[in-house]
Amino acid sequence: MNTKVTIAGVEFQNPIMEASGTFGSGMEYSEFVDLNSLGAVVTKGVANVPWPGNPTPRIAEVRSGMLNAIGLQNPGVEVFCERDLKFLEQFENTKVLVNVCGHSAEEYIEVVERLANEPRVDMLEINISCPNVKEGGIAFGQDPKAVEEITRLVKSHAKQPIVMKLSPNVTDIKVMAKAAEAGGADAISLINTLTGMKIDVERQSFVLANKTGGMSGPAVHPIAVRMVYECANSVKIPIIGMGGISTWEDAIEMMLAGATAVSVGTANFYNPTATTDILAGMIDYLERKKINDINSIVGIVK
Amino acid sequence: MKIKETATVIHQEELASGIFRLVLETKICDYAVPGQFINIFPNDGSKLLPRPISICEINKEYGLMVVVYRVAGAGTKEFSELKLGDRVEVMGPLGNGFPLEGQKAIVVGGGIGVPPMYELARQLPGDVIAVMGYRNDDLFLVEEFTDVASDLIIATDDGSVGTHGTVVDAMRENHLTADVIYACGPKPMLKAVAEYAKEKDIKCYVSMEERMACGVGACLGCVCQSTEKDDHSHVNNKRVCKDGPVFLSTEVVL
Amino acid sequence: MNTKVTIAGVEFQNPIMEASGTFGSGMEYSEFVDLNSLGAVVTKGVANVPWPGNPTPRIAEVRSGMLNAIGLQNPGVEVFCERDLKFLEQFENTKVLVNVCGHSAEEYIEVVERLANEPRVDMLEINISCPNVKEGGIAFGQDPKAVEEITRLVKSHAKQPIVMKLSPNVTDIKVMAKAAEAGGADAISLINTLTGMKIDVERQSFVLANKTGGMSGPAVHPIAVRMVYECANSVKIPIIGMGGISTWEDAIEMMLAGATAVSVGTANFYNPTATTDILAGMIDYLERKKINDINSIVGIVK
Amino acid sequence: MKIKETATVIHQEELASGIFRLVLETKICDYAVPGQFINIFPNDGSKLLPRPISICEINKEYGLMVVVYRVAGAGTKEFSELKLGDRVEVMGPLGNGFPLEGQKAIVVGGGIGVPPMYELARQLPGDVIAVMGYRNDDLFLVEEFTDVASDLIIATDDGSVGTHGTVVDAMRENHLTADVIYACGPKPMLKAVAEYAKEKDIKCYVSMEERMACGVGACLGCVCQSTEKDDHSHVNNKRVCKDGPVFLSTEVVL
């Protein structure tokens, strides 16, 4: 059976990645998961310089999901290259997607250029959809003109293929997908988190120091499936689908809706072997259904 | 080595009002040291995140681990209903434990910070003075500490038992000194203990608490402010779950 | 203790309503709940003529929520007045909000005019946010100009105060709230459902005949709280908050975020006494916190 | 009168592979009639919607109600793990039951449509012929029907027991006639039974199934197409939960 999928010329041994920010650079979860068995590791968002992130509490639980307001804490691209990319060198079968964040176009470009000659970087995921930072992030991702522009700019500086990561906090995701495509994106990934809020009724104050946070987990899955479906039927570039995937059924659902590959995020937090468990379940499903090539289920539900 | 597995409930009892002692059969105890914690996962499918709970007692011979927790919300409420033979998902051991140091140590626990000091007191090589703070006379784990500490000093908020006041009031009252202090409890208590330690020039370890998601250092949810740049993100943030929960009192901003 | 709240001059004995479409006209739930104890009954969307709604399946379960694609099946305003309004006459303590739907401005106006002289109608909730009908509905609710226009038009024909019901499927809910306010809305209510999708992986087809459905239930609550908060800090008109309220904590949270009243929808399906249970819990909370007037918690978390 | 309450599990057993018989203590049985159903709610907080399950047996004397269900997904899986003394939320009785008519009745059940016919067969005033269809020889409720029906005819898809084929094949084979037919099972079966009834000019009641949310007629989720304008929405849609689940075969589009 073939489980290989190809996105922008990069071949993945299988369509399972973990979602940026939920897995570090893989180091912490390597005690539970053989990173070499994943399609790709998608690293935590990295900026040109270290970012301290938001004050705590940064985490809140909601029903069938969670809110986070990490605020893209990261050590900056230098340390990232020296430590995280170096660590990832040993996992030869697995591709590496580096998630890139910035407050401004210049900052994105600085990171992209620094990564240009790093052989371990197979693809760049450009995060224009983080709801937890004041400038940059989601501001880029909610206006189609800005999406197209930043895509074009990043693309012109990038050596590796670029995946634009879209925000679900928009009226029409198809418009954003088309803007990314028009700007020259090699692929899109969605969804990033939905902006939510939790108030502690006893303390009469916000649970998160940042007031709002990004919602993820199974609660957002139906919205993610809908958006992946809408995009798959609007653009020709491939889609990496994510949002609440925690079982193999969720992953298959996302592929049937039109995703070529899928990322697993929040599920890692309650099941550290979620990625490999999901992959095993998908393979069982394909065998049971006598499907020889995983690519043949992509987007077949119309 | 960290494990995620389904543990079996061996015993559960209510020690004091809303404070439960849960005995689990889990392989985690093979690798656990005092001061580490485990993640316990609710069985209810709408509650996804782990509940971090400190290890109170380790019995490697029988493969048992004891945790003591307070019912604080829906997750711990669910745990309090677990009965012999029930199964529950756990992950651990997580974080770094207390370094076992000193000829003479003071272990300080406040409220639900009391339980983690028990296994520590059992394993410390030297003389142990236990200082435990409670709200009122609804005490718990008193016999246990009496057995393992050379002295047990109690403070209660309402003065019903021991010193009327905080654990630090009790420490001052008894002019306690030692080579090292270990403390777990609410942040204001940790701050006061750290100040006492500084005054008396005693090395002091504190166990911190923060909201967590992954419990393994990946999500950066649980950071506390550190006095120096941290090794991981280089931004004065230490991860409670991975770099802690035990820190030198001088390493972190209390 | 005062539990009365006032919206656009209409006084409600308490801030608990049930959400349109989840309670019929109250008849079916009157075996479980004394309708006379509610702040208001909000009726199922009604159009100028009977609407058959969508094909079945119309319901799908998702984690901590559900999808529905009823498609606004309703008997038309004539039957509604004769049967449902008549039934509601007996509950004198409870206000009646009639939820109005249409495919075009003309259809909304026809309903609003038919209801103008019905004394049992205290307020109109104008549904410009239903994701389950092809024309009308959400199309009005996703464009601020359209929101303002339809609001102005309906307001000029309405005898009762109007509440504009907003869609959460937008980039910036504040803009929609302001548009409704500018158009002359007396209040706004939010959120309607979030568009979602579920695919049956065994049958490899959509679970809902309509493909997409509106997501409701606890899963959407954090998004609803965030949006109510954003609107409360952007407009002066009062807000009826809803979305996933199933416990008294959820209701209090919504009021702390800025809602003057709250609606309970999906929760009725798994707890037919959800409305009165929630009200009892809220009163306990206020007593415990020694709060004499429920109005004093509205929007106090900033 | 409808009730929502917490029922107590009195007994549970697996009758056939994946088919469970659950006995509940619930006041619902005081008001229930054959053909009605109850909503059973999963305890898991992420699964909100009711699982509608038909009433299989009513024991008013002991306040007991029996349901028989197939494990079809996560909710019924959860139910299958319920044990004596466990508690589960239920609501009912819901819908309209079968009118009890005729000197001679045929009760027809297919697959998981078999159980609701049992209480009906017990309560019918006249002679009862039971025609039950199964996939294979993994039969269930056979003794029960043998006790209450004057004749029990079995059909299996694989021919391992009784007629090789459908319940309608069995009805034809046995040239069955009666004053009234009652049927519950998959839609194609209901359609075939309705056609048989039309051919033989027998009155026929069918029990319908649809995805539900409220179960009480409020949400309009569970409609089926009716041949005439319905009273409620005036649009040829009948609510299975409130106007049904039992309909005259001529009332609905099968």
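In order of appearance the chains are A, B, C and D, and numbering begins at 1 in each one.
The rule we apply is simple: contacts are C-beta pairs under 8 Å (C-beta built on N, C-alpha and C of every residue); 3 or more make two chains touch, one makes a residue touch a chain.
Computed from a predicted structure; not experimentally measured.
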*Any chance you could name the chains that touch subunit A and subunit C both?*
B, D
*Roughly how far is subunit B from subunit C, going centre to centre by Cα mean, in whole Å?*
47
*How far is the middle of subunit B from the middle of subunit D, if each middle is the mean of its Cα atoms, in Å?*
55
*Whole-Å gap between the CA centroids of subunit C and subunit D*: 35
*Multi-chain contact sites of subunit A, meaning residues that touch two or more partners*: 63-65, 218
*Where in subunit B do residues touch two or more other chains at once?*
45-47
*Between the chains shown, work out who touches whom and classify the graph as line, ring, star, complete or other.*
complete
*Name, in rising order, each residue of subunit C that touches subunit A in their complex.*
62-65, 67, 142, 169-172, 194-199, 201, 204-206, 212, 215, 218-223, 225-226, 229, 244, 249, 252-253, 256-257, 285, 297, 300-301
*Given the complex with subunit D, which residues does subunit A contribute to the contact?*
63-64, 218
*For subunit B, which residues are in contact with subunit D within the complex?*
44-47
*Contact residues on subunit A for subunit B in the complex?*
21-24, 28-29, 31-32, 44, 50-53, 56-61, 63-66, 68, 70, 73-76, 79, 217-218, 266, 268-273
*Report the residues of subunit B in contact with subunit A in the complex, numbered from low to high.*
1-2, 4, 41, 45-50, 89, 91, 210-224, 232-237, 242
